[in-house]
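As written, the chains take the letters A, B, C and D, and residue 1 is the first residue of each chain.
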Amino acid sequence: MKAEFKAKKLEILKMHIDVIREAFKQAFAPDRVTVEYPRERKKFPPNFRGLIFCEREKCISCFRCAHICPANAIQIYFHDKAWPGIDYTKCIFCHFCVDSCPTGALRATKIHDVAFATMDEMKLRATQTTKPPEVFREDSVTVDYSVDERGWSLVRVKERDELVVEAPPPRLKRRVSYCADPESCLGCRLCVEYCPSDAISVDRKANKLRILEEKCTGCGICVRNCPMKVLELREVR
Amino acid sequence: MNMLEFAMQVFRANMMDIPLINPIVEELMSVPWLNLVVALILWRPFFAVVVMPGLVVIMLYLLYIIWFERKLTARIQWRVGPLEVFRPLRGAIQALADGLRYFFQESIVHREAHRPYFVQLPILAFIPVLLPIALIPAGNVVGIKTPYAIPLFIALLSLIPITIIAIGWASNSRFAFIGSVREALMYVAYEIPFIIAAISMIYLYGSADPYVAVEKQTIPGALLNPVACLVFLISMLMATSRLPFEIPEADQEIAFGPFVEYSGMLFGLVMVLAYEKLYLMSLLFTILFLAGWSGPQLAVLGDINAPLWLVVKTLIVISILSIVRSMYARYRIDQALRFGFSWILAFSIIALAIGVVLGYEGGI
Amino acid sequence: MQEWKIVLPEKKHKKKFFGNLLEEVIKPGICSHCTACAAICPVKGITAGDKPIDFPNWLRDCVDCGACVKVCPRWEYKPLNGVGRYIEAFSARSKRFRGQDGAMVTEFTATALEEGIVEKAIFVARDEEWRTRVVTISNVEQLKSEKVAGTKYSFADVLPAVKEAVLDANAVAFVGTPCMISALRKMQRSFKKFERVKLAIGLFCTENFYHSQLSEFLSKKGVAMKDVLKTDIKKGKFIVKKADGEVIFPVKELDEIIPSGCKVCQDFSAVESDVSVGSVGSEGGFSTVLVRSDVAKRVADLIRAKGNAEFKDASIEAVKKLCDYKVKIHPYNR
Amino acid sequence: MKEIALDVAVEPPKEFESLFLPLPKEYVEDVYRKDEFLILVGPQHPGSGHMRLIVRVRGDVIQEVIPDPGYVHRAIEKLAENRLYVQNIPLVERPAIMDSANLNLGYVRAIEEAMDIEVPERAKYLRTILAELCRIGTHLYDAAILAVFLGHTTGFMYPFGIRELICESLVKMTGARFTSSFIIPGGVRRDVEKATLDWVYWATFAIEKRLKSFERIFIRNPTVIARLKDVGVLSKREAIEFGVVGPFLRASGVEYDVRKVEPYEAYDRVDWEIVVADEGDSYSRFLVRVNEVAQSLRIIRQCIAEIPEGRVISDQICEDNDIRGEFLDRLADLVLPSGEYTTLTEAARGSVVYTIVSDGESNVPYRFRIVTPGWLYLRGFMESLRGERLADLQAIYGSFGYFPPEADR
């Protein structure tokens, strides 16, 4: 397909007129697309990748979010249990962490406009990530784009858009650690130390290792750190 | 009879009479000192130069045109333009805000610049901008009444580019040099057709006196000599470096040309220079082509009718012209010169021919 | 609630298990530097490489799991000797590979890889300075490089690489000295996962050296490690082939740099291996091969079927003589 | 007009020593002896991106331009060497964030070629749609930069306005406005419902309608044509010789497009044409990209019309069709078999070459090589400036759509 441009003198004049006609047409009937931000807010789809918050109870402190984060923005803080805090100076909102969280504890919101006073305030500790960041909302109108062959126009609806997306149904069933090949176990008891919820215990006298299903949260740290790779996660029937 | 009575007598001789506010004026005249001030303000030449087609209107015009141009360009570009300065008026006092900002901003004079010229030139640039105002008549409200007002006006007007070149030289920066050289080149390119177009209109009306020009314009001059009107408009664009010819201050190439080193109040003055030049040229345009201050008169307004008509017509012309900023890209300097010397010069000579033919024996 | 038992060996000293290993094996100097303990240690604390086995500040780091004691071949050491049980013996030379003698070790591994009996093979390659470097071979081309085939008379951490390979692959082959082979058998007996090692190729071995001591000894002999082309031990002579000629001297002179662990080893012909290969008992350019397990038998038949090697019969008496000689010079009476 | 050579002893201004210029001292003296002078269109210049152009000028005519790139070099290749393969995906998009899908696609195809993962059909179509959306986004971005370099502010605002539709469709499909990191080894991260695809389908018509007004006010604007016609001409032989790639190669008459030569994803199942122009001047470079936007719209419509149902991620990576929840478990410990894997992808500004060298054991690339189009056509861009006027530097810069972060990587 050839893309070339031939124009005789007369056409130049016609083009001038086109330009002027277009300018005047826009001057009188501009198809503006500005969303006056603080007073209007653009409606984003539910899968929008905004700021992230973590539901403390659902978190099984499996460190997957901290492992996968390409920007090392997630740090796990230890209080009564271990759950992540997010450093928004580094976070690039790729939401690999939200996708890696097995229990769906990390949840995305549609909030993208939080302003922090100083840099170290942006490093949210775990206690600060448990609830969605509260945003000072001045908007009374939500704007959405409607497109059809006639063109693109803004639809303004007089209601506030709900910024916290309700959690999608948890996808993975509960999983529990299970030793697939007890004869290969070195008996090094590293899994006992790694387990954040003391689900694996050892009986010193009888030299027995025991996994308590009800305590195991399925975080998988023991599976990752077993030197002989004999432990694995198995779905509870 | 001391000086004051003499002054009062001169002022009372040539006072504006506006029926609408006459009672108030009479009442004010009784107050001893205030009457002198009121008399001065309402004295016709003073009123012409300072108030109506003069300084006060220029200030208001500046506020209006900067805001209007940005709003219009924004409208064409699918956006909203200045808004947050004053929400209820949707950004109306943006120009005032800019002005104040420049006023309080520090005017830095960098080391290599020629300090005295660098600071004084933007102020000196105002002389050629404000002197022509005195020559502009509006009905019987006129600064200096001379039969040669138009050529004098053009002469003073053509001093402005010289100050801009001097500003460029004084800032002693590479970009400023290139900017002022381009200003010089453009100045030659548009000044000749501009003057020829004006002369053709003088031929047409038979005399260089604006009064004669306005009386003879039963049909507006633009229709009499459309070619001259076109040439006048295009050279106005080139003179005030409006967009297709915004070459001296091409921000992308030479970062705002001669005015690159300026900041603070000096930058404010310099940036406003182009707009005032546009105002002056469109005043001349209105007188020559749109039949100046003639228009249906409102009795109650009396003398102020003419200046009002003149200013309104000028503002309309400028408002239409400011749409050009959002329509065109910038020509290269040699393209602009080639365009200026070939097409515009040719058209202006045609316009001169029409002017001479139409105004053969002493104007139409 | 899942539960499983851990079998722990009984301690000889009231210390952590590595303390016992230290007292029982390393200090008496019977450690053969087979690096099995370094492979199995869960906290990777035991260090090997070109220096004696050690566990820096083991008092704090050792988790007392007993794995190193379970796998150490010299723990309650009962020396093995003699030619051992074998199904068939022959001497052969590979047609497609060039190695130390008949390159039969490379041939066995290549055939096993091609037939899919093993997925990965752990080999010992070397750099210009003849320092050993453990390499995981997964395709036959890698075997063709001359830095891989051929014997290197220096220690190499083969078993840690075997452990890494066992975690990922299901069938692993590896080449080792008799002490490494017996260490591997002990690992297989205590940890089922090591049964994934399907083919263990043993080498005839009189003694091994630390690379630093060997290179220092050879430099005293006027040989720089860089220009050594090939090293060999034939009939009590240590032959060093160089680009410009050879240097030969009796093996006895190497006595002062033989590590103490090798002085107690009586297993010359890798009795517990699947197949043992060595130069003793066949003439030049051929390797003696003792096929001991049916896996090795299958591979040998495959080689014979594909005709990738010439076969001859080997003199087992020479091998027996060497075995008895090794028992004689390395008495072990504890 | 005879040139009068004044041998005025002009020594170069002393600030050349203070600036670190990649020029030998004799060069600078030679310039000033020949009565020419050096203009530094520097890293902070309204008329150039973050790179310095050392322009050797005689009067107003450019004799020679020496580029001094590297101001926004972020060592992406070194950074990629200590990140997991899947963590490199957001890193790989950073050179040109508006062209994120194409860069992301090239990298992921290299991994898939190494692990020979079979990508399901629906994922291929989704990837093609994303790639074409980002292509349109980049062409609009470059058109806007070209417009602002010509001083045409409306020409700057319209493409960015239209680009809002592109960003909106990317947000609806992937969740992020441009750096979507949506393409992962084995397919795409999430399935896209019918409603979103329909919205994108109608968005293409809205884009087309808005492009008409952009065409009237900028593309067919006489001043723009005057500024771009026969400026910065690159003949067909020169374009090939200097290794120009992408739309700028096609603008000089070479009919080469990686999407046709080695079709990947769904480009061979969709009918579209390569856009070629012969003149090789700035205006044809711009026109080629404008027509490519029309072609891309056509591709998107066909893709949305014919997109098959089915899986969006290959079963070699994850059993059921959704990676949510097991992103780390499935993708973090990818270890590429040892070897070198190279792919060639047609990004918006040209072909981008990815090479991943893996040593077979570690889960990070041993060596990672990315050659972006900006770097490939920098030489052609510099040669086309020779002999032009100084004021045209910006016009040619805009017509080449040179983007320093992409060129410096």
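Methods note: a residue touches a chain if its C-beta (ideal position, glycine included) is under 8 Å from a C-beta of that chain, and two chains touch if they have at least 3 such contacts.
All figures in this text were calculated on a predicted structure; none of them were measured in a lab.
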### Message
If I average the CA coordinates per chain, which chain comes out farthest from chain B?
### Response
C
### Between A-D and B-D, the pair with more C-beta contacts
A-D
### Task
Averaging only over C-alpha atoms, locate the centres of chain B and chain D and give their separation in whole Å.
47
### Summary
Chain centres from averaged Cα atoms put chain A and chain D apart, in whole Å, by 28
### Query
Whole-Å distance, chain A centre to chain C centre, using C-alpha means?
52
### Message
From the mean C-alpha coordinate of chain B to that of chain C, what's the distance rounded to whole Å?
### Response
99
### Task
Could you list which residues of chain B touch at least two other chains?
76-79, 326-328
### Message
Multi-chain contacts only, two chains or more: what residues does chain A have there?
### Response
19, 23, 26, 31, 33
### Query
What residues in chain D touch two or more of the other chains?
154, 161, 217, 221
### Summary
The answer for chain D against chain B in the complex is residues 39, 45-47, 60, 147-155, 157-158, 161, 217-218, 221, 223-224, 226-227, 389-394
### Query
Touching chain B in the complex: which residues of chain A?
19-20, 23-24, 26-27, 30-34, 36
#### Entry: Parts of chain D lying in touch with chain A, wherever the complex brings them together
83-84, 86-91, 154, 161, 164-165, 168, 171-172, 174-176, 179, 181, 189-190, 196, 199, 202-203, 205-207, 209-210, 213, 216-217, 220-222, 225, 229, 273-279, 283-284, 287-288, 290-291, 295, 322-329, 332
### Message
Quick check: in the complex, which residue numbers of chain B touch chain A?
### Response
72, 75-80, 83, 323, 326-328
## Note on the structure
Listed in rising order, the residues of chain A that touch chain D in the complex are 1-5, 7, 12, 15-16, 18-19, 21-23, 26, 31, 33, 44-45, 47-49, 64, 67-71, 92-96, 99-104, 108, 145, 147-152, 168, 170-172, 220
